[in-house]
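What follows is a single structure, written as structure tokens, with notes after it.
Chain IDs A, B, C and D follow the sequence of writing; residue 1 opens each chain.
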Amino acid sequence: MTVLSDLLAAVFERGLGAARQGDWSRRPLEELADALISTQGQTSGHLLAEQVLARFNSADDAARIAFFHHLAEHMNVDPAAARAALNAYEGTPSRATYRAFLAASEPPRQELIRRLNQIEGATGALVAMRADLLRLGQGVPELEALDLDFRHLFKSWFNRGFLVLRPITWQTPADILEKIIAYEAVHTIDSWEDLRRRVQPEDRRCFAFFHPAMPDEPLIFVEVALTRGIPGAVQPLLAEGRAALAAPEADTAVFYSISNCQAGLAGISFGNSLIKQVATDLAAELPRLARFVTLSPIPGLMEWLKGAGIALTDADLPALAAHYLLNVKRRAAAPRDPVARFHLGNGAIVHALHAGADLSQKGRAQSGGVMVNYLYDLRRTAERHEAFATDGTIAASPAVKSLAASAQPMLKGALDGEPTV
Amino acid sequence: MTVLSDLLAAVFERGLGAARQGDWSRRPLEELADALISTQGQTSGHLLAEQVLARFNSADDAARIAFFHHLAEHMNVDPAAARAALNAYEGTPSRATYRAFLAASEPPRQELIRRLNQIEGATGALVAMRADLLRLGQGVPELEALDLDFRHLFKSWFNRGFLVLRPITWQTPADILEKIIAYEAVHTIDSWEDLRRRVQPEDRRCFAFFHPAMPDEPLIFVEVALTRGIPGAVQPLLAEGRAALAAPEADTAVFYSISNCQAGLAGISFGNSLIKQVATDLAAELPRLARFVTLSPIPGLMEWLKGAGIALTDADLPALAAHYLLNVKRRAAAPRDPVARFHLGNGAIVHALHAGADLSQKGRAQSGGVMVNYLYDLRRTAERHEAFATDGTIAASPAVKSLAASAQPMLKGALDGEPTV
Amino acid sequence: MTVLSDLLAAVFERGLGAARQGDWSRRPLEELADALISTQGQTSGHLLAEQVLARFNSADDAARIAFFHHLAEHMNVDPAAARAALNAYEGTPSRATYRAFLAASEPPRQELIRRLNQIEGATGALVAMRADLLRLGQGVPELEALDLDFRHLFKSWFNRGFLVLRPITWQTPADILEKIIAYEAVHTIDSWEDLRRRVQPEDRRCFAFFHPAMPDEPLIFVEVALTRGIPGAVQPLLAEGRAALAAPEADTAVFYSISNCQAGLAGISFGNSLIKQVATDLAAELPRLARFVTLSPIPGLMEWLKGAGIALTDADLPALAAHYLLNVKRRAAAPRDPVARFHLGNGAIVHALHAGADLSQKGRAQSGGVMVNYLYDLRRTAERHEAFATDGTIAASPAVKSLAASAQPMLKGALDGEPTV
Amino acid sequence: MTVLSDLLAAVFERGLGAARQGDWSRRPLEELADALISTQGQTSGHLLAEQVLARFNSADDAARIAFFHHLAEHMNVDPAAARAALNAYEGTPSRATYRAFLAASEPPRQELIRRLNQIEGATGALVAMRADLLRLGQGVPELEALDLDFRHLFKSWFNRGFLVLRPITWQTPADILEKIIAYEAVHTIDSWEDLRRRVQPEDRRCFAFFHPAMPDEPLIFVEVALTRGIPGAVQPLLAEGRAALAAPEADTAVFYSISNCQAGLAGISFGNSLIKQVATDLAAELPRLARFVTLSPIPGLMEWLKGAGIALTDADLPALAAHYLLNVKRRAAAPRDPVARFHLGNGAIVHALHAGADLSQKGRAQSGGVMVNYLYDLRRTAERHEAFATDGTIAASPAVKSLAASAQPMLKGALDGEPTV
């Protein structure tokens, strides 16, 4: 690689002239971006793309914000031009007028992002760039608008058809395993030994989606426990010194942790595909598997209880949790709890609730230790998804429904209006 | 795989109901496409995408044309809506108005194509679909416009950053080699033995670009001969019983054939990147390589001579060819010869001309057997590309220039106007 | 690789001195072998091993015979030394006397062969060397004895535990596929298209054993047809334009061709392991497979009939074939037919006979077109193998037994003594 | 794999009969071994081999010792039979008498070990078995003799031609990396972070030999630091927070740790091949590398000084170390220091000595913190190896020689005779 990059350096240096090279290093990042948008040359395009990404990478936050504003303001769509092209196309539809309309209605920054993506390793750099944009642009309308262009392109690039599912095991390269440790967002992995307990025993599995242009970067991963029966607590699943079950003996696959890895891919949803694919693959491998469930946190429970002014006792918590999951909505009739929104949106049902199921500090703080099993019945997820998407119907087991009903007396003092926020 | 697809079939069948399944198979392809555009569900989306692609695949040309017209007419941009969204955004720029504008100014068929691409193997199917569109839609304005949407998305999906360069050797899987045989467009490969002569000897190389979502389908490939000196004829390069040169002895790499493989990727250019990458890699591997040249056909020479009414003798052919390459233009000051446009556009120069260089029937018919070496000086390709792109400057060696000058007397009788067509 | 071998050349040249190098190239191959046996140095050992193999490779048959005689006569075991060491060990058993005995009772040529094997690619070269020895040494007692040393070492090196089973498909590299074409010994593969018909359809499979030190050289391969029912003729299996069966529909796996690839591995048996492994793997992949049979030639049938002076009519052939397989023995009570010996020795039974089953010229010449199914019942192969190995019991289906009995009248005129040869 | 082994279990169970299976589990390990030696059947052979290895694996030390004694005593060579076969061969040399002699002079336990090796995973199990034998058989003459048979076969199986060199990096699977941590024998790796510092920076490399039949088990590995100049201390090489050198800038490759991984491969030497191969590969990759040196411990220095009764001061230590390495011998004129024997035997020279070079507790205890650079001049290693092997010549730099000479005054009081032990 060294010889190669030396060679390339030499090639480009001489090809484009030392003077011009010198120019570039003195010119602002924004000018390089403008040059990249306007060049016709593929070679100079590659070189400019490399420069822009390298310069952005070494820039501080202030310079990055300036760069984003440049994109937002100087590479925005031109309404007058777009309107003229639209009129021309409407008047005389043809390949030429349609081409002009497509060009005029797309902001040039989309083409800039595509051109930046032409060099090796650029996809990961652009995902990191969007993570910066989300962090630095929050509350700034034009930067929030700019984000839509990144998101639009990323949806196309990170299409399900391009993703690759790979098992994560104790045979996985260490550089990927250390990212699993770093990215685990639900139940912290506190050491390599902890990681080993989650990927090495034959009744523990882990799977991740990867994109071919970012082969060392997991996009999302799920951790699975193979069990007999549905577990009602998470700490035993992660315990040291646990005896492993022979995988073919398992009747239940428990998705006990799902973590998105890339802040720069926020809003590009992979979780549904991941769960369906993993469930399908496990079902094919292990014919005795009869159930696919989660063991999930209820991150918003305690906050809601507090906001609603509901006094609680430990004994009542599962009932209140059932009510919270089934009846407490935010706008658009969606459940207030984000994890519930995710699994119900995938076509799962609320299957069971467990007190004392997550005794970690975080678990107690979020939900008083209560956890929930969402159950995926693969034969009915499509139908349930449709009902949820169309009417907001929340499917639940009879047990959970009656548990929720039992919470009514406790809600008397709840503040009005809260449930729909 | 069989178990898996059985399982999936079972899952979907029961999940969505046999009745509904039955419905689908009776409903027209266009309705399925409409349903795919409007569904919110990922699972039903996948199923619909599978159905649409399968149905399109088994449809006849008439049905395909009808489908394309449906996309062209019912999934087109709505000018009124686009105008309203544009006005709203211009009046009150915000994330919300910008999002609405992006949505309204993009024709729904782009989202349809993206959704079709969510299932495994879809990318190749969509490339094949566009090949049909190009074939069936020629001369039909709305279908030619529709093609721009495919092209727009393909440019994004087949971004250089996503492509993978792989050497093609005698160790390459047979299913890929047979595609090389089928796709060779310049000098036909007439048997497996002929193929072997192009990929097995150590002084013969072949490289192709692949896309991760179409791992068995080369997109474009180049065949290279490593030689001492610049060759002036192609048949000796491909001869049986030839003694191979030790690769490190070579001082010249000859790109003697470049073939695009996918009709459905017309207009998405890979050749420039391929040549630059291969040249760079070979330079790193073989330090004695001093020159990168092509041995190229001149496909339009005889046709131009005939059209221009120029009488010719064999002796004069190279001079006329030099004139043709350097001075005969079509609109926009670009060379009339398509191969010349490609290499000059990449920053190469016209280096030398050879009579009797391609004695095949095709070679004689196209150019009276004359071939040309374009030379890539990697240190100067960027600069030359810029000059060509900006001013139409055609770089040539002094020998070729004086050869072209020597053709002037023969052009006296040439028909007016021809040279600029 | 070039840089590397250049470097190594430089290293060795200077390290060992040009003078000495020069010496070597002038000295006879036999002296180099003697030097290799006596050197203590690993580096000089490698260099010498390389020289010996290269020199042998470029030697003519006369020189190869001379080299083999050198090994046979000058690197043979020394009876006096072996006897002395044996006496010493018997008198005073200890690690030291045992070590001396092991050393003295092993001929030095075994150590020579091991030392030759220390360089990359040597294993294949040694297998080729033994092929020469078998060819050139036939009938020469000391060379036939020498062969036992090669065989002894090869049995150890080509141990089942070191072999790797790999499927051969249309995705297999072309350089391996062309060896399959070349090595097919039962039903000739006459083109790449013929090969494709045997490896590409989903109801056709091929598997080969490989050794890690010869990764591009199949050792043995078997071709399998997945069918419904047991086929009674081979040409339909190999026919062009045949409609393929969906693999999961098959109830029978037919081993219709097994070929050893390496003449130099004669006497090292892989076939039994290969059939058992392939049958086990296919059974795991395709649960509906209920039968594993061969469709085998009867290579010695016509020759035996002729030798025994039996007049025949086509109608009688299957009966005579049944008799031949079940009752005609050579020494040691083993069946006269070599293919029968192989499959019965593996624990198969003679299941059925078919007239007109191989209409090729070879098939008619060998067996008048008759073929036989041997059936592998995996649950009983071990038991049947034991009975065959212990008592020479030949298992056959009732139908085959009564067919054989029906041949008795035709045997009246058979020459005495023949049946037991 | 589970389905497969279930299937095999079923196959074998039924094939061989439950009664007989039951027999086996009740019969002693020794009887199973006897059966394995005498069976003619490949299938029953595999099954028996599996049983023997499984039973040995779960046996306690007493049972293992008994098993080893069985091999040593009942599967030993039979002197009378060997003598008779030797006489017969000497009297009438032929393939038949030679075959009989080879059979009679090889102890049956060698065939047993080969047969055990026919099943998957057996090679690793046999290496572990020999580790037990070395541990349990020490001082027992017949078990020490038995070990020679294992060693004989292992030399053949672990032939250099079968080994594969693989780089160990931060991309290596975690299950292999944890073995590197466990097997490091020179400078303990105390955590995954410590490991990362040795394999991830671009100026740190690690390489291991693997055998194809034990793909997850390194046999030996070497750790390399790329530096500018020859380092004189080891702790800085392993320090946290160290700035890495760009690999192409390095002029020196330092082999600072070599560890054998498999106790059961004692006496099968890989180190020389490993160092030569790694040096050759690094030289090809990094053309500026000018020197290959070690930074080695001197494990026997302090012990010798103590034994020899030499009073010492820190200032004198390097001189005494130089004398120790150059002049203190054990039997057969070989250096007393084992690390010196290894590197000098490979053709290296004693290049330089450093006080305070290893400040770890172990380093101080072994050698008072002194370390030594052995230098490999690839152009001269062969020649130096020969001189060392033939005459015991120890090559050293002039500086080391004069340092050793300066130690003479301090040796006055040394105990007689010690230097040659």
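Methods note: a residue touches a chain if its C-beta (ideal position, glycine included) is under 8 Å from a C-beta of that chain, and two chains touch if they have at least 3 such contacts.
Computed from a prediction, not measured in an experiment: that's the story for all the values here.
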Request  = Could you tell me which chains are in contact with chain B and with chain C alike?
outcome  = none
Task = Averaging each chain's C-alpha atoms to get its centre, pick out the one most distant from chain D.
result = B
Inter-centroid spacing, chain D versus chain A (mean Cα positions, whole Å) = 49
Message = I'd like to verify one number: the distance from the centre of chain A to the centre of chain C, where each centre is the average of its C-alpha atoms, in whole angstrom.
response = 56
Ask   = Just how far, in Å, is the C-alpha centre of chain B from the one of chain A?
value = 35
Task = Any chance you could list the residues of chain A touching two or more other chains?
result = none
Key: Chain-chain contacts as defined at top   = A-B, A-D, B-C, C-D
Task = Spell out the residues on chain B that touch chain A in their complex, using ranges where they run on.
result = 3-4, 7-8, 10-12, 14-17, 40-44, 46-47, 77, 79, 82-83, 86, 89-90, 93-95, 98-99, 101-102, 105-106, 114, 117-123, 141-142, 144-145, 147-149, 152-153, 155-157, 159-162, 164, 212-213, 272-273, 276, 280-281, 283-284, 346-347, 378-383, 385-386, 389
Ask   = For the complex, which residues does chain D have touching chain A?
value = 2, 170-175, 177, 192, 196, 247-248
